[in-house]
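Same chain, two partners: chain A is paired with chain B first, then with chain C.
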Partner chain A sequence: MRTLLLAMLLLSGEVVAAQPAIAIIANHDGDYATLTRKQVVDIYMGKLTVLTNGTFPQPVDYQGNPEIRERFYRLLTGKNLAQINAYWARMSFTGQTNPPRLLPDQKAMLRAVGKNQDALGYVDKNEVTPSVQPLMTIGE
Partner chain B sequence: MKMLQALTLQARLMWIVLGSTAIIGGGTLLLVFVISYQNKLSESEQHIRQLMDAVEYSAAIASYSSNAEIADDVIKGLMRDEAVCEVSLSSNEGLHLSRSKYNDLSVCPITLQHALLSPFSSTDFIGNLETRVDNGIIETRAVHYAGQVALGLLALLILPSLIIWFAVSRYITRPIHAYAQQLHNIVPGSSERIATVAHSSLELNRVIRDSNSLLIGIEEMLLDERAQRNEIERLKEQYKHLAHHDNLTGLPNRAMFHDRLAHMLIQAKRYQLKGALIYLDLDKFKPVNDTLGHGVGDLLLKAVALRLLDAVRESDTVARLGGDEFVVILPALHNASTDALSIAEKILHALQQPFELGAHTVQIGSSLGIACYPEHGKDEFTLSKHADLAMYRAKQNGRNNAQLFQPSMAEAAD
Partner chain C sequence: MALLRTVLLSCSYVALFPLNAVAVEQIGDFSFTGSGFLTLGVGHMMSGTRGAVLDKNCPCLVADYAQNAIYDGNAGLQFAPESKLGLQGTMTLPNPNFSLTAQAVARGSLNGNINLEWLYGSYQLNEATTLQIGRKRLPIFYYSDSQDIGFALPWTHLPPQMYGWEAVNYNGISVQHRTQVGDWDVLTGALAGNERVKDSGYWQVYNGQASQTNVQWNNILGTNVQLTRDWFETRLSYIQSDTERQNINGVWDAATQRLVASPEAFLHGLRTQQKIYTAAFSADFANWLVRTELLYIDRPGANFKDHANRLGVTRRFNNWEVSGNVAEYHGQAVIAQGGDPQGQESHLNQSLTTRYFLSPQSDVKAQIDHQRDRGGVNWLPKYGNATLLTLAYDRIF
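On to the complex of A and B.
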């Protein structure tokens, strides 16, 4: 019995290891010190377009539905990518809000955030480089 | 119930079927109507709630993003249901959008609320979707629906009643009525019988057969009774005849003679007619009787009776008082004494002729006494007495003659 429990623990540990945590990242000059997790959701969903400190956050996302994107939205909103895309389809149709800009991969993401002061992005936690500022970690 | 007893079977049946259908059907219909109505009411409300559930996600997105266009889409979608008279969508962040059909919303007392949660966080309450429902339309719908259900049920109730009524009427009441009508029209004792009835049952056929047996019995009984009554009448007539007639000659007897005489006198008095009475005795009858026997005597008396009847008018009465004593009543004479004398002469002549009685030829004669009404007597007794006195005189005068009464005869007798 003890062995079984141990095995399950080990297995679950492996599952966690297979899906690493995600780091929300910003430019070193970005003014996001007080940013909350809920604000991250609102920014990515196009709801929050300006912060009280005057910052216009510029969320950046990935194109082509890579695995990290799926994981990101599930961890953040509990929805899958299809639902998020449906949301955006509806929102874009009204022409009032635009979805985040899309980048091909995490390298491009790190580069874009490192260059743009108001940019917000996300990469696997172990991919974070000193070129960006990690704000919070989700999925731990 | 007393009222029903006076009705025909058909009418009573109709009232019972109609009544029970009305009572049972009415109650059931009312119950079904109310239940259907309530069900439809809550169903309509349920329907609108389901519509609200369906648009919940869109409404939540509109509320989350404060997107008026999506919100309006949601509202327009809900407004399509004609029972919805107002929809409003509001978010905590200041979005408020509503559409309504009427200015006056007092007809829309039902308010359905739906709390909106953030599409991205199921714990965050972000707004409210509210619908006001037109009670009138919901009720109209409910009444319409309940009415249709009730109508269907009514048909279900009425149809079997009609079928039962039709069947009972066709196979029970009408045949019984037809039977009763026939029985009613039949005169008891006649040879009429009850014919078979359309759509009759085994039971009724038996009743008809038994009724016909009874009718046959009654007819036979009445025929028997009629025959017996005729026999009694005949016997009565016979006895009456015997009581008033002489057995041997068939002529009226003494009793009837008195009747006829009395009758003649009454008629004569009333109409002031004249009449006469003749007393007649056969001469030499006793010797015939004694020498030739009673048989021949009887034959002679019969023959005398025939000759007497032959000699008088049809309206005259010839009676036999007994033995060889006869009387003749002559009513309605023109000249009493002359007419009576001429008839008396005729009788004398007729009785003088020889009688052929079997092997014997007998010759007799007769003595006649005549008394006329009104000159020789106005009552039965006097007239009879005077006729008798006149006859006595005829006998004294040597028989075979007729004598008219003379007052001197009465004095002589006194």
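On to the complex of A and C.
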């Protein structure tokens, strides 16, 4: 029975190597104390451009298809990168809204968020430095 | 020839953009961004009602009315109707709130000729409000904006019963405002403008490939609202315009070396108003997406009204998607205005689509369409029933 359950889990693709959790990060001066997980989803999908406290979030994302980007959208939206790109193809080719600014790697992400008061980013939890403020953790 | 031209264009442009990322160029305070989309589509007519209709050898299936994209009963593979390549360039000015965007599309259905589909300036009034001026898509339906971008669609082509109209663009001004009301994301928009379609592909579907018809939509005014909460989304839209049609009767004027145009009253008046109402509802929950759209067009004084609706269900499996869609169009005779209940157009389409994502920027799709012509006995042209297989490769870059 145990073997059968293990086989079913393997077939369903639920067994994956352990991966670090992802920290949502902001600038130390950013006004994101009440930010919710749903708001993070809406900000990264271009649906939420201003918070009720008057903050205009500036999300930043990664160029290309790095593993952390795939994991981030999977955890937040349940969709894979292709589905996310299909969504953004509709939004950006039709003038509805622009996708987040793209950066090459986690070091650049930490630098950008550390410099910009309204920036919002994400890095592996174990990559967080004192230069930024961790807001929440996903994938733990 | 159309295929060859489109494929050559596609290959050369894809070669220019070999990377997955969009191309960005910075010159002083000006920033240029280039991106694009490509669809290589092929169709094969499996079966249907055989016969000559206008100048077509049917069975026939109109995949895109506005672009006159028709799969016919000729043997073999048909690449031209839906293959297309689009390139978009955006220039951001020293004032980062202002940008200029142009999008050109080359289509197999138009022999690979390139049309400028979008050309607009965008000004960010504030973080929530955007003003746009120029040439844009007319946002009648949920997927109107993205109708050319195969990678943004779950199908090889949009359901023609819902999306087949004579004007798809307009020149004018629009404003969009995004806000939050409680737990709802609210996107509201308004637009105003005009559109003139020369040598309309839509009317070639009805009057034959040799026909020439000009269409004018004047005084377009519209508004729409989109409400989103978690997995639920609804979009309501209203657009009105004056509409006029002009048939070119083919009389050659030797003096001017041009075909002489004869103004033809559209329906029952030179200037008829149309009121277009649409609604879309969708539930995107876990791996399921269910979306329905409804259309009603009223033209006061005309002898018919338009109704269309569709229901689609998509199931996602990792890199796979399976979609089923049912779409229906029918004209409703207005008997008080002399409408003929047996002279109305009506058709039903059922489609099944399988999509596989080759990468985060590309996919392949296979789709079977089964269309039934339910037009009245007095309705012409009667394209009949058709079962069509289409395959598509989509890519964004």
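The working rule: the second predicted complex is superposed on the first by the 122 of 140 C-alpha atoms of A that agree within 3 Å, B and C clash if a C-alpha of one lies under 4 Å from a C-alpha of the other, contacts with A are read in each partner's own complex, and residues count from 1 in each chain.
In the analysis below, a residue touches a chain if its C-beta (ideal position, glycine included) is under 8 Å from a C-beta of that chain, and two chains touch if they have at least 3 such contacts.
Computed from a prediction, not measured in an experiment: that's the story for all the values here.
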- Message: Quick check on the chain A-based superposition: chain B and chain C, clash or fit?
- Response: clash
- Examine A:Lys47 and indicate which partner it touches, taking first as chain B and second as chain C; both and neither are also allowed. both
- Message: Going by the contact rule set out at the top, does A:Gln63 touch chain B (first), chain C (second), both, or neither?
- Response: second
- Query: If you stack the two complexes on chain A, which partner ends up touching A:Gly78: first (chain B), second (chain C), both, or neither?
  - Reply: both
- Query: Is A:Asn126 contacted by the first partner chain B, the second partner chain C, both or neither?
  - Reply: neither
- Please work out whether A:Ser92 is in contact with chain B alone, chain C alone, both, or neither, and reply first, second, both or neither. second
- Superposition-derived comparison: chain B or chain C, residues of chain A touched: C
- Message: Between chain B and chain C, whom does A:Thr34 touch in the aligned arrangement: first, second, both, or neither?
- Response: neither
- Message: Superposing on chain A puts chain C and chain B in one frame; which of 326-334, 362-370 or 380-388 is the clashing stretch?
- Response: 326-334
- Intersected contact list for chain A, partners chain B and chain C 38, 47, 78-79, 87, 90, 94, 96-97
- Name, in rising order, each residue of chain C that touches chain A in their complex. 20-21, 35, 37, 86, 88, 101, 103, 118, 120, 122, 127-128, 132, 136-137, 143, 145-146, 149, 151-152, 176, 178-180, 185, 187, 228, 230, 286-287, 316, 318-319, 357, 359-361, 363, 396
- Query: Which chain A residues qualify as touching chain C in the complex?
  - Reply: 13, 38, 42, 47-50, 52, 56, 63-65, 78-87, 89-90, 92-97, 102
- Message: If we count contacts the way the header does, which residues on chain A are in touch with chain B in the complex?
- Response: 38, 41, 45-47, 76-79, 87, 90-91, 94, 96-97
- Sites on chain B touched by chain A in the complex: 58, 61, 64-67, 69-70, 119-122
